[in-house]
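Next, two complexes with chain A in common: one pairs it with chain B, the other with chain C.
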Partner chain A sequence: MFAYIVRRLLYAIPILIGVNLLTFTLFFVVNSPDDMAASQLGDKYVTPEAIANWKQKNGYDKPLFLNSQAAGVGQVTDTIFFDKSVRLFAFDFGRSESGRDITTDVATRMWPSLAVALPTFLVGIGVNICVALMVVMFRGTRLDRGAVFVFVALMSISYLFYIIGGQFLVAKTWRLVPISGFHTEGQVWKFLVLPVLVGVVAGIGAGARWYRTLFLEEANQDYVRTARAKGCSELSILFRHILPNALIPILTGVVVLIPSLFMGSLLIESFFGIPGLGSYMLDAINSQDFAIVRSMVFIGSILYIVGLLLTDISYTWADPRVRLS
Partner chain B sequence: MLSRFAALCTRATLLLGAALLPGCSDGPWNNPNPESPPGLLTYQSVMSPLPPKHLDPALSYAADESLFLMQIYEPPMGYHYLKRPYELLPLGVEDFPLISYTNAAGEPVDPDTEAVAFSVYEMTVRADARYQPHPAFALDDQGNPRYRFTDPAAGRQYRQISDFPELGSRPVAANDYAYAIKRLADPFNASPMLGFMAQYIVGMEAFSERLKDIPRDGWVNLDQYRMDGLEVVDERTFRITIKGRYPQFSYWLAMHFFSPIAPEVDRFFHNPGFLDRNLTLDWWPVGSGPFMMVKNDPNSEIVLERNPNFREDYFPTEGAPGDAEQGRLADAGKRLPLIDRAVFRLEKEVLSLWTKFLQGYYDRSGESHGNTNRVFDQAFVVGPDGVELGAELAEHGITVAPDVKPAIYYYGFNMRDPVLGGYSEERRKLRRALQIAFDTEEYLNIFYKGNGIPAQSPIPPGIPGFVEGEAGINPYVYDWVDGAPQRKSIAHAKQLLAEAGYPNGRDARTGEPLKIFIDVQSQAISSTSMNWMDRAFGRIGVQVEYRPADWNRTREKLLTGNTQIFSHGWLADYPDPENFLFLLYGPESPLICQCDGANNASYERPEYDELFRQMRVLPPGTERDALVARMVELYREDAVWLFGYYPKDIYLNNPWVHNNKRHGISKNTLKYVRIDDELRERKREEWNQPVIWPLYAMSALLIALLLPGVIAYRRRLRATARQ
Partner chain C sequence: MKPVLLWSDALIFLLVISLALFFWRLRHDPQTRERWAEVFSSRLGMVAFTIIAAYILVALLDSLHFRRALENPESLATQEVFYDNKVSSVFDVLTGGMGDRFERTYSAPFALLSFEKENIKDASGRDIRDFPPLRHAGQHLAHPDERTADILVKSVSALLWGLLLCALVITPQWLLLRGSALPWAASWLTQGVILCAGAWTVSISHHYHILGTDQGGADVLYQSLKGIRTGVLLGTLATLVMLPIAVTLGVMAGYFKGWVDDVVQYLYTTLSSIPGILLIAASVLLFQVYIDLNPDFFAVGMEKADAKFIALCFILGVTSWSTLCRLIRAETLKISQLGYVQAAHAFGVSHSRILGRHVLPNVVHIILITFVLDFSALVLAEAVLSYIGVGVDPSMGSWGNMINGARSELSREPTIWWTLTGAFFFMFILVLAANLFSDLVRDAFDPRTSLRRAEA
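Moving on to the complex of A and B:
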């Protein structure tokens, strides 16, 4: 398995280079270094000298990909792409366009992201699995059909509706929790209740429906009939027999998300004022801060690759017959 | 098993409830603010949708950043808080600059002669101006800086300014002002002011060029390099020499760019490793103003506290006419600042900001917020008497503090455009027809809830050159009827259009319909406003096509003149007509200066340009007023902009906030704010009683949903095989 993990990690390098190249190209197609300088310097009295100074200070005064003025390897290495990309592989994210250290910001911001994403993830999985199992218990009945209808309805509603509706009802009208914000001083939980609730409720439709499909497939297997014939209770059949056997597809969809929890959620963090990595990314896009966007895409790619690797490893735990080679 | 599961759930719920409920006991449940330190009167406000990018006075050039900088720094000049028109006052210096004039040889000359080659501004720093307590000023027993490291590891335990145990301070020195100007010139800082100020301050460009060649390894002591236009006469006196005459320079001295920077502070922030922990002057400003920054978490909040070393400063004892009657002098003579602490929380979404304001958790609707239009959409309703405050706000005792911003938003014509541009009478008539068709009053009422004033000229109210009443209207677009301006009729616009060669909106020669193209910023326009404009121009038979683009593309079009009608805006740097009339000065056209010039319409009229050159060097007076009036007349005659309006700066204040008069130019008004803390606490408690019944209702609903399932499950367990 060790060789497999090493091989997968080595595969990651060209993937990361490709992702980086793509991000870089896309960003600079719509946003030249001159545009970045102008947006950072403000709208007034921006002279060509000021733009040139800004580009020099921030390392954008070189060609993007190929430096025809340089000699030898310098043609490739003495470029913005090389300067900005290579050090990412050493996890040196450099500074944002406004001068802040990105590594420090990422390290600070990932905890609020995690504080919201982790409970949403865990509670969400728990609720979705329980609801799906309950529905499976009544498969083929009106309750089952009604539940599927509700799931589809829940899936059809925009995520924004849950957020704004939740804020309007729970925070504005009923005044039970703060409408937004985040503070580590004092009662952190009261800032997390609403985003977690919204995250969980918004995910029930799609989640429970997906798990229901998985469980239904298992519920028709012979071992289930055998268990029932042995006299096992329905709950025991659901939790002790069906659930473990449906783990492989569940793990496929779930484990890959675990590392990405650090990245937070763009919408939830933005609307609930959570100073996490999701809102960090959104702010960077809005303020055209390429250094942050590039770093976040890079981190996101790494976490996704790690997630996929963990998924593969988790198969061996869920099903001892699986061997990685 | 089911009953065991249910029991487990009940126990978990009880435990969770027991854990959470004690937290709910102190104050309203929905209070988002952490408790303020005891004994400190705290003002609660918001930051704009994005945190400030720069807090270094040499780098920052944004209103939301100025909001912080102007509380922390004291530039040489400032403005009277209450008086209008805006009145310049000495702030960081003892008196107004002593201005002397010299010829090219450096000999004194009369200011009114052509021989003036240089103006020398001499200023004396206040004797009582002193920096806030800061580790950069802390000294060890030998009198050396306490925190000066050579190794990044040495200072790694310091992650925030509050981590430094020893603090120091010293009086503000004349050299600090000179040092700040040198920082503007340092190309390494990439100050947005360098290019502009180098045109005026003697030796700034050469100084900047010289610094380009200096190796950068850590701190560069700018005191070692001389700038010709700067002279430190003694500990408290300094001189700035500028080229020629530029009376507006005094206004520039009121901007944060000219705030004093102590060299040892600059040196402190260049300690190795500090940059990696975001310990920079750009994030931790250090000044001598009424407040100092104690927390800077751009992800969440910025906290200012009273500077214990702030000089003696008092609330003004006189104001503009009507201020005394409106109670604005109630705090006259009181020592400033009137609050101890100010917290600015990052608020990105309008719903959150608005809700917290109505719940009393923000004292004001915002000092500066990018989404103000959307905020105020919810504040105002259209009643029988026009636009008025909504009922909920009136019940809360919320007050409005409107102030017409010294700014103008406008849609301009590209004067080089082959269809709409040009200076022939036909083209003027064509543009005037479009001006009349665009009903600015209706536009503002529909899309801005009336929070703007249609512009009759480029000069907004409060700025010399703005004329009220009949004499101030644009006679090409308005008539004066019953004591108010009235837009000319659509019939008149149609007639102008016909005279311009477009009868009924069709080209008289080709029969083709006239189609105009408007470049708009995607984020700044909605489909409803585009529909409204279609209808407005449709009344004279003109078709419109929109070319939305992001700001970068729009800017590119302006720089290359590839536009027909464009939207733009200008917020005054200082209260002088020159700061608005230069928007039409020929050499400021991006196509002429090959730069981000302000004359995006590319308006070029030799008479206007000549008048502008004369006006900009004249002191205030009738001669200058006459030139300004003539320039405004030329602007109207040539119909350079499709329409313009002066935006109203509207802020809502909860009833416990006092001294709410807005200042369109200056941002250092936080020191005047007074809070009635007792009323605030009472109202917050009253407005935020939680509504509990939904919790019971939801529990009941959950049970109602689960119960049939449980019953069905039990029935199934008891059922026989046949059943």
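Moving on to the complex of A and C:
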């Protein structure tokens, strides 16, 4: 198992290099280091010396991918791409174009993101599984068909509608919680209730429908018929037989998401004014801050790869027959 | 009049024609016929399909663009014809110029007065501050109180016209298809409702703003209808870009295995490990910069918006092929182990022929299911992307742009709800119909579900 994990982590390196290469190419196709310097220095008419100065200071005074003047390995290593990538692998994200330290920013902004994303994730799974189990109890009846239609209808509503509708109804009309904002002291929960609620409700349609399919697939298996023939009650069939056996497909879809919870949700955070990583990314996109976008892409990729690894490990826990090798 | 062919117009017509040809070629294939008969044997499938077809029809009509010839004033001595800078479509003509009736700013649905007070002159010429009357609503009314009665009378006459239209459209279908085993009645009923609603909308909108107007004074209903083209085109064109990449790479990886498989797997793992929205945002920003650097490529503003739109479809397609590719690779791996492929190998059939005749036809169901499933997801994604600011051009009507422009209006007092309602309603109906239809298509074409039903 240990060897397996190490091997998987080694596989991650070429993927991360590829990710970096892609973001770099995308960015520098249209944006030369000179353009970056000019836009960061802010002036329409900047002197060439100022640009050269800025490039020197921020480490953009080398060729992009290939340094034909250097000798040997230096052709590849003495470039902007290599410098910036190596730093990323050491988790040194450097400074954003506005001069803030990205590593500190990420470390502080991670927690508000997690405060919203984790409850949404856990409550969401609980609610979806309960709803799905309830529907599966009534499988083949009109109630089941009606519920599936409702799920599809819920899925068809835009995420933006849930957010705007939730803010309008709960915060503006009923005045139960603030419309948006975030506090680290005092009644934090007041600011968290609405985003979590919106996130959970928005996910019910797709989530419950997916769990229902998984449970139904299990409900048609032979062991369920056997259990029923032995005289098990429907409830014990649902919870003791179907649920544990549906764990593997559930884990496949769910575990991979856990590390990404740190990244937060772009839409929820920007609508509710939560100072997490999601709104950080959105701001970076809008101000075209390449250093932040690159760091976030890198972090996102790492978290995804960790998620895949966790999924594999969780299989061994859910199904003793699975051996990682 | 001078026809204008935008790139997206050409692509959507090309797509529709090739789809029609594809189904025409397959019309005698018994298996395909059976599957489709299964989809359409449910009334829900009929209704959903009719709604989708209506949306597509609107999108196609809205894709026939032209520029009107301007009438030269008498004083101008030249015979040269000048054209309007504004690009219109056949759909604009059919709706009777709904989009040309601008107000000054917000107005509520069916309102006669503007939403905000302005300085106006009263009957005796004094300056007062009051709600000014709208320019294009209820001009024919002698007194504001007649409004309700007027709307009722106009509705009845519009519905009568609608029924006549229904008779014209549905009777030929009835004569042709009455012996069919499929539930066509459900489709006719839907067509009837859509036709009546259409007739009502066009006739009432001459006298009122049915869904009010937005901040710039544009008719909200017209904008929501214009959003249909954007939504439908984005949903289909992005998938069209994705399909060839995903199918080619997936089939090659699954069939040739070895280093080809390694490369393809590396490519899609790398791509899918990047947070999707960041990748899309970065690519769109990149294209934006490119357009800003080369402004003289496009003759009218609409062409620039169109180029951005095509780029968006392209970007969405290129960034989303990994899921389909993975599915097709797995299926191809399975198929290439089967006896008939091995036999073809033994007979010395070439790789390209095996792929074309034995492998590709057997992954078509996956492609079809993905195509229908992705459609609704893309329509929803458009709204989100436009909100973030990396969606379609603001000059191009789209539901996402409407929502983005209106989201702060709910906090006003009294609430301005109609812009959001219009956008969400038209988006919801399309996505719901597409989702329901995709469920039926998957049930009919996915061998796993058909197998399960055979056992039951």
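Definition applied: the second predicted complex is superposed on the first by the 303 of 325 C-alpha atoms of A that agree within 3 Å, B and C clash if a C-alpha of one lies under 4 Å from a C-alpha of the other, contacts with A are read in each partner's own complex, and residues count from 1 in each chain.
Simple rule for what comes next: a residue touches a chain if its C-beta (ideal position, glycine included) is under 8 Å from a C-beta of that chain, and two chains touch if they have at least 3 such contacts.
Please read all numbers here as calculations on a predicted model, not as lab measurements.
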Answer with first, second, both or neither: which of chain B and chain C does A:120 touch in the superposed model? neither
State whether A:245 touches chain B only (first), chain C only (second), both chains, or neither. neither
When the two structures are laid over each other on chain A, which of chain B and chain C touches more residues of chain A? B
Look at A:137 in the shared chain and tell me whether it touches chain B only, chain C only, both, or neither; answer first, second, both or neither. first
So, A:15: does it touch chain B (first), chain C (second), both, or neither? second
Can A:172 be said to touch chain B (first), chain C (second), both, or neither? both
For A:164, decide between first (touching chain B), second (touching chain C), both and neither. both
Quick check for you: in the superposed arrangement, does A:286 touch first (chain B), second (chain C), both or neither? both
Mind working out whether A:311 is in touch with chain B, chain C, both or neither, as first, second, both or neither? neither
Which holds for A:265: it touches chain B only (first), chain C only (second), both, or neither? neither
Just which bits of chain A does chain B share with chain C as contact spots? 30-31, 164, 167-168, 172, 179, 286
Per the contact definition, I'd like the list of chain C residues that touch chain A in the complex. 266, 269-275, 277-279, 281-283, 285-286, 289-290, 293, 376, 380, 383-384, 387-390, 403, 407, 410-411, 415, 420, 424, 427-428, 431-432, 435-436, 439, 452, 455-456
Touching chain C in the complex, chain A uses residues 14-15, 18-19, 22-23, 26-27, 29-31, 149, 152-153, 155-161, 164, 167-168, 172, 179, 220, 260, 263, 266-267, 281-282, 285-286, 288, 293, 296-297, 300-301, 304-305
Residue ranges of chain A in contact with chain B within the complex: 30-32, 35, 38-50, 53-54, 56-58, 95, 97-101, 103-105, 108-109, 112, 134, 137-138, 141, 143, 164, 167-169, 171-183, 185-187, 189-191, 233-236, 270-273, 275, 279-280, 283, 286-287
Per the contact definition, I'd like the list of chain B residues that touch chain A in the complex. 1-2, 5, 20, 23, 28-32, 34-35, 50-51, 53-54, 61-62, 187-196, 275-278, 280, 282-283, 297-300, 345-349, 351-352, 355-356, 359, 550-552, 555, 573, 594-596, 598, 688-691, 694-695, 708-709, 712-713, 716-717
